[in-house]
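Heads up, there are several structures right after this.
Both of the next two complexes hold chain A, though its partner changes from chain B to chain C.
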Partner chain A sequence: MKYDIAVIGSGMSGLMASIYLAEQGLNTAIVSRGDPICSVSSGCIDIAGTGKKTLDSINNFPEEHPYNKVGEKGISYSIQYFLNIMKEEGYDYTGNFEKNRNILTPIGKHRVTSLVPFPMKHADIGKDEAFHIISFKDIKDFFPSYIRGVFPDTSISVFNAGTHTTMGIAAKMDNKDFLSTFITWIKSQKIKQNKIGIPAVLGITKTYEIIKKLEIETGKFFFEIPTLPPSIPGIRLYRSLKSIAEKKGVSFYGSAEITDFKKEKDRIINITIKKPGRPDYVNADAFILATGSFVSGGLFLDKNIFKETVFNLPVYSPVEKEVFNQDFFKLGHPIEKSGILIDNNFNATESAYSNLFIAGSILANSETMKYQCGHGMAIATGIAAAKSAKEYLK
Partner chain B sequence: MIKTDVIIIGGGATGTGIARDMALRGIDHCLIEKKDFAAGATGACHGLLHSGGRYTVKDPEAARECITENTILRKIGKKCVEPTEGLFVRLPGDTIEYRDDFLKSCKETGIKTKILSASEAIKLVPNLNPSLLEAVKVPDASIDPFRLCMLNVISSQRRGGKIFTHHKVVEIVKTRGRCTGVKVLDKFSAEIIEISGKVIINASGAWGSGIAKMAGSDVPMSLSKGSLIIANHRLSNLVINRLRPSSNGDIIVPNETVSLAGTTSIHVDDPDNLTTDPGEIDLIRSEAAMMLPDFNNIRLIRSYTGVRPLLKAADTSSGDRSISRGFQIIDHKNGMFSILGGKLTTYRLMAEKMTNRVADHFGIKIPCTTAEVPLEGQEDLSGYPVSKRLGKIENIMCECELVSRSKVKKVIEDTGTKNIGDIQHRTRLGMGPCQGGFCTYRALGLMQETGQVSPEESLDTLKRFLQRRYKGSRPLLYGDQLREEQLVEGIYLSLLGMAEHEV
Partner chain C sequence: MKETFENCIRCTICVENCPVFKVNPEYPGPKQAGPDAERFRLDGIETVDKWITHCTQCKRCDFACPYGVDPSKLILNAQIRYVSKHKKTIPQLLFSNFHYIARLGSFFSIITNIITSLGIIRKLFKLIGLRSDIPFPQFRFKTLQRFRKKSVKTPEYLSNNNQLKKRKVAFFHGCYLNSNAPDEGRMIIAILEHFNITVAIPNQVCCGLPALGNGDLVKAKGFAKKNSKEFAKYIEQGWDIIYSCTSCGHTLIYDYPEILDTKEGELISQNTWNLYEYLLMLKDNGELNFNFTALDKVISYHIPCHLRGRGVPYPAVIIFKEIPNLKMNIQDIDCCGFSGSYGFKEKNKETTDTLGRIAVESLEECKPDIIISDCGACRMQISNFTETQIIDPIQVIFDALEL
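Take a look at the complex of A and B:
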């Protein structure tokens, strides 16, 4: 099969790139090895820093940070693009490109982020704000007492959902009868506070309807608190983007491990996918590499040697001798600087491939943990790389 | 003021073993441990119940002790000993002379052996290096040192023994030159408790000379650190040893879901300040990979270092490895005894000899029965294999080691512990491939719900735990373990918001 563009990686940057390209009328494929890291994330979109305004942070980022290849206008455009397509899909995100917000975490801490899915739009909790928590009997990954340690006035009530995993409860919520029983129970609790926090289990596919019904019938505001993986908001984010891509005509190659590729002069012609029986080939005029950092498998540290796992591109590695901090809680290990260096066209600077564009956290100097810019950077560079690829194909 | 006859200092295998022996002979006693059970050398070892094969050529006496104790522990501790059996593998370059000496010596010391051809050995352990020449099967086994200590303690407690964990000895009380008691610091309440006793037993291992000094005595000791690595799979169902004179990295022990490999032997001075050097890890890894080549590529999940309290021999010119692993009882003639050296496999024998001395001292004629009476409390344990822990589908708190929520809850309620280590050691929570990355947060949440700890305390504990976990995995951050680490960082630092931000 021959495509205009093949995107490698189905994480935030790969999905955003492919959605953008398909919308531009290009015949696009995604080749992915498995579910991406965004599906275990909190589902929130961090754009930059922990201050009130994202731009203040971005302006202080080092010159080599990938955001500087996209530019303020480019970042703003891609975030708005993300907001638009998610709205169209019926899984709205709240927030804007410039402002950060503070949401409640499962241990009662605050976490800075920029865009949140609509079930978390009331998750900005003030210091003295009163709220109630609904938890579930024997739930595995949520312990409201952590939160009560920080907010002593919080009241808690516990519902017996008959199952104890977040995934199991969320699946039950999608069921109408279960939801009705749950709502009847909430009403019986005579909760005084106006805001009710709940672990992120309010449905996997019917979240919008569930929250609407909850709010109408109880007259309260509900907000979800993200939990440990499997994280339902992360799964919703991934599934929504995937569904958008599919609707726009992107072809998916799932569970696809790339074993080889073919090049001709300075161009990549195709990639080989491992399949039982005989291998499959994906041919394309241009490729976008969005395989992520170490955790996603795009980069691999073979003892002391840094490797890029698909095309064996040269990897920039940090100059520091100690690439890991001594302290677990200090953000930003020097190793997070490692990755692929790019030019202004999002081509890898030290490789000879003119039709290969790089996006997402595989990029050198992105340091997404330190700068708290993970999903935002993935969205912005995904669309920027897609634009460059489109230019190239003209 | 608490009154007792015997005060045992140290909650390792030796100390808890003595407590059990005392209990079975009806001697009133109390045990003090500054951390949790098995916090020193006991918990930082391989978890190998030696057949004696490792020592047989150089130290036949130690080997004889090992095989006797090995047979006893299999019998009395069915649920903490996994009778894996072991192989000594001969690889190209390992001499036939050593093998002959080994077989001869095993025969003399009473260690049953069976020679296996290379293909027979590979049939038994398919992951073995295919170029091995032959293997000798011996009755090695895998032992859980944490469980062992717990079970010893149960026998003591059921007979009125008083056990103080997380209590630190701060003073040895002396009256007219004789030790008559101790002052201990409760590490949770910061209170000082005084305990009086007629005899004090110093079974504090590597910390022994510090305790002896408090009583104005001296013990000749040499400390040797040994490092180990843990791989995230059970690569072999048998213990694998190298058929050559003792050296670094020549033992691999399957332990439930993971494999441990080690060790090294490096002289140290301070038992409280141990670090694992990257060089040690590389050495152990490459040596282990000679026997099981999968060690080259496997994900290493943790490294740790323990310290061996060895007896100081007159001649130490050939290094710590040549110092005897035998044990010695020193009567300080002031009411304190120190028990030094030894190894996990012979802990019961050490306890027996020590208790004999104390019984003599008191003129008690009751003989030792610890070799015949099975360890009590085993009825509550699931035993081996790990799949037995899942009789029915339950709410699992630790997926790696299949520890259920109800089990953790029971430990919390039974022990009233504030310490996450206590739960880990009693259930194996957090000891599998993810090294507590998920379940520690859960166990601490449950401790809050049962009112054992406050949220602040549990967050502090969680922080300390994560820092310690990171210390163990930091030297191993490459390959797939780096991926795991980034995931754990994503969860704790980002999702839960525990990072310390630089402003």
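Take a look at the complex of A and C:
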């Protein structure tokens, strides 16, 4: 099949890029090896740093950080774009990207982030604020006593949902009859506090209706607390973005291992997807590479040799040897700087391909862990690379 | 980068995509049933118990895994080992041999259809572990195989006559289309011939999937061997294989060269096409034009898991975009939970029904005039939960072509 643009990778940056391009009327395909890491994330959008103001942090980022290629205006535009499409899809995000906020975690500590899905709107718990926790019988990996350790006045009640996994409970919540039983039970608990924290299981698809009903019938405010994977807010984020992309006409190639590509002078012509049966060929006028870093498989380290796994692009890394030294698990290990260097057009600087644009955490010097800018940087560079690709196609 | 289960980093993405894990607390999900347990199995410890049969083999985990692990294949092998070590249940025996049941059922269709709807027989069903509360598929006497003898010429005949068109396809219809839904099969033949394609219906048996799914690897291999040998003859003479049943297709493409390991498996796998993929390819080559007439309808399309697992943009959806006025909603998030013989077993009733209700609810959100699905089993399941008409996508194309 022939497309205007093929985006490789279906994570945050790849999805955002493809949604933007399809909306511009371009025939767009996504080629992906599997579901992305954002589907196991907390669903929150980190923009930058842990200080009060995200832009102050970004101003202090090193010059080579990809955010500086996007610029403040570009970041603001892309985040607003993300907020708009999510609102349209019915899975609203709350917050101002210039500011950071706190959410409560299952161990009772706060985590700093910037934009949160609407079920976490009330998760910014003040130091002396009173709240109640609802947990579930036998639920895996959620121990409300951790939270009570930090907030001693917290009261806890436990509901028997008849199943013990976050997926199972969330699926049941989508069922009207189950929700009614749950609400009746909450009323019987005579909870005094105005805020109720609950592990993130308030429905997989009907979250909006569920929270609305809970708040109307009990008169309380509810906030979700993210859990270990399966992470329901992560699933909602990924599935919402994928559904937006599908509605805008993006074609999906899944379970797709790219084994080869064809080039002509300085352009990539097509990629080969190998799977049982005939291989698929995806032809396009431009390509966006958004395959992620080491964990997502965009980069691969083989005996101190860094590789980019699709086009074999040159990989920048300050690490020379002894990657697995004793500081390996410390934040700020130089391996985090590894990736593809880009110019202002989001083309790889040392590669010869004029129709290949790079986005997301595969970018060199992004250091998303150290700077706490994961999803935010993915959104901003995804849109920026898409804009460059669109310019190129004109 | 060798793609083995050792690539699993336990990210849980497969679990997020598992329909059974979502609704059945007894099933630990593909991560534990697949790569986790496989590490023990390597040491010769069989970490399998009855729960392994909860897996429906929908393959959603394989499709979701970003690290190239195929949990469903590990689970399938464990299921086969489990079944081989235990006495087969009657439903397992029945569905392994569904091919013969379908052939007999069609031949004696008038009798079988009455018998399978009798109250006393339904009670017997329940006694042997089959569900008695859902209708058993009705068999048709005029199967595609019987139809072929009259109207569609055999390849031998065609080879000796100069009637062969540029494109020649051998149709793998599978059991359901042959014995239970031959009308849809005839529509497929009519549409292919409308586009100037020669169609043959080779002698064929069951693709082998029901036997595989019920733990009978030997029987499945037997079926696969027979089909491979027959269809390879066509491929060697320049014919393409097409299928409409997405599960048969998945088996031909994915399982014939691998677990069913037939001599011609790779050849079959390379030359087998989904019906709609084939039509699209011809359109891309400029060999056909659809010229559809308008259909003022809202359609909800339930994507069968085994079509989703192909990993290509849904081919029928691309074709439907050319039908004027047609509004379409795609539902590929929720598995209908039926999974062929799985849904007929009493032990799976709760899992199957809960998933079915979730899927149908999301299908009906757009208030469709009709629901469509490629898979006969999906259609059977969906019809248990809704009054909305549910049909094969081919019927929509048939109508839009005004044939």
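We adopt the following convention: the second predicted complex is superposed on the first by the 382 of 394 C-alpha atoms of A that agree within 3 Å, B and C clash if a C-alpha of one lies under 4 Å from a C-alpha of the other, contacts with A are read in each partner's own complex, and residues count from 1 in each chain.
Following the convention adopted for this analysis, a residue touches a chain if its C-beta (ideal position, glycine included) is under 8 Å from a C-beta of that chain, and two chains touch if they have at least 3 such contacts.
Just so it is clear, the structure is predicted and the values come from calculations on it, not from any experiment.
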Which superposed partner A:276 touches (first chain B, second chain C, both, neither): second
First (chain B), second (chain C), both or neither touched by A:195: neither
Touching partner for A:239 - first (chain B), second (chain C), both, neither: second
Chain B versus chain C as contact partner of A:254, first or second or both or neither: second
Touched partner set for A:369, first chain B, second chain C, both or neither: first
Contacts of A:229 with chain B and chain C, given as first, second, both or neither: both
First, second, both or neither for A:295, with chain B first and chain C second: both
Touching partner for A:35 - first (chain B), second (chain C), both, neither: second
Partner chain(s) touched by A:110 [first = chain B, second = chain C, both, neither]: first
Common ground on chain A, meaning residues reached by chain C in one complex and by chain B in the other: 37, 40, 164, 229, 295-297, 300
Residues of chain C that touch chain A when the two form their complex: 1, 3, 9, 11-13, 15-17, 21-23, 25, 62-68, 253-254, 257-258, 269-272, 284, 308-309, 311-313, 318, 330, 333, 358, 362
Chain C partner contacts - residues on chain A that touch it in the complex: 1, 29, 32-37, 39-40, 162-165, 167-168, 171, 174, 205, 229-230, 235, 239, 246, 251-257, 273, 275-278, 280, 295-297, 300, 309
Touching residues (chain side chain A, partner chain B) in the complex: 37, 40-42, 46, 50, 105-111, 138, 140-143, 145-146, 148-150, 164, 226, 228-229, 231, 293-297, 300-304, 324, 326-331, 335, 369, 372, 374
Chain A-facing residues of chain B, complex: 395-397, 405, 438, 441-442, 444-446, 448-449, 454-456, 458-459, 463, 466-467, 469-470, 474, 477-479, 482-483, 486-487, 489-491, 493-502
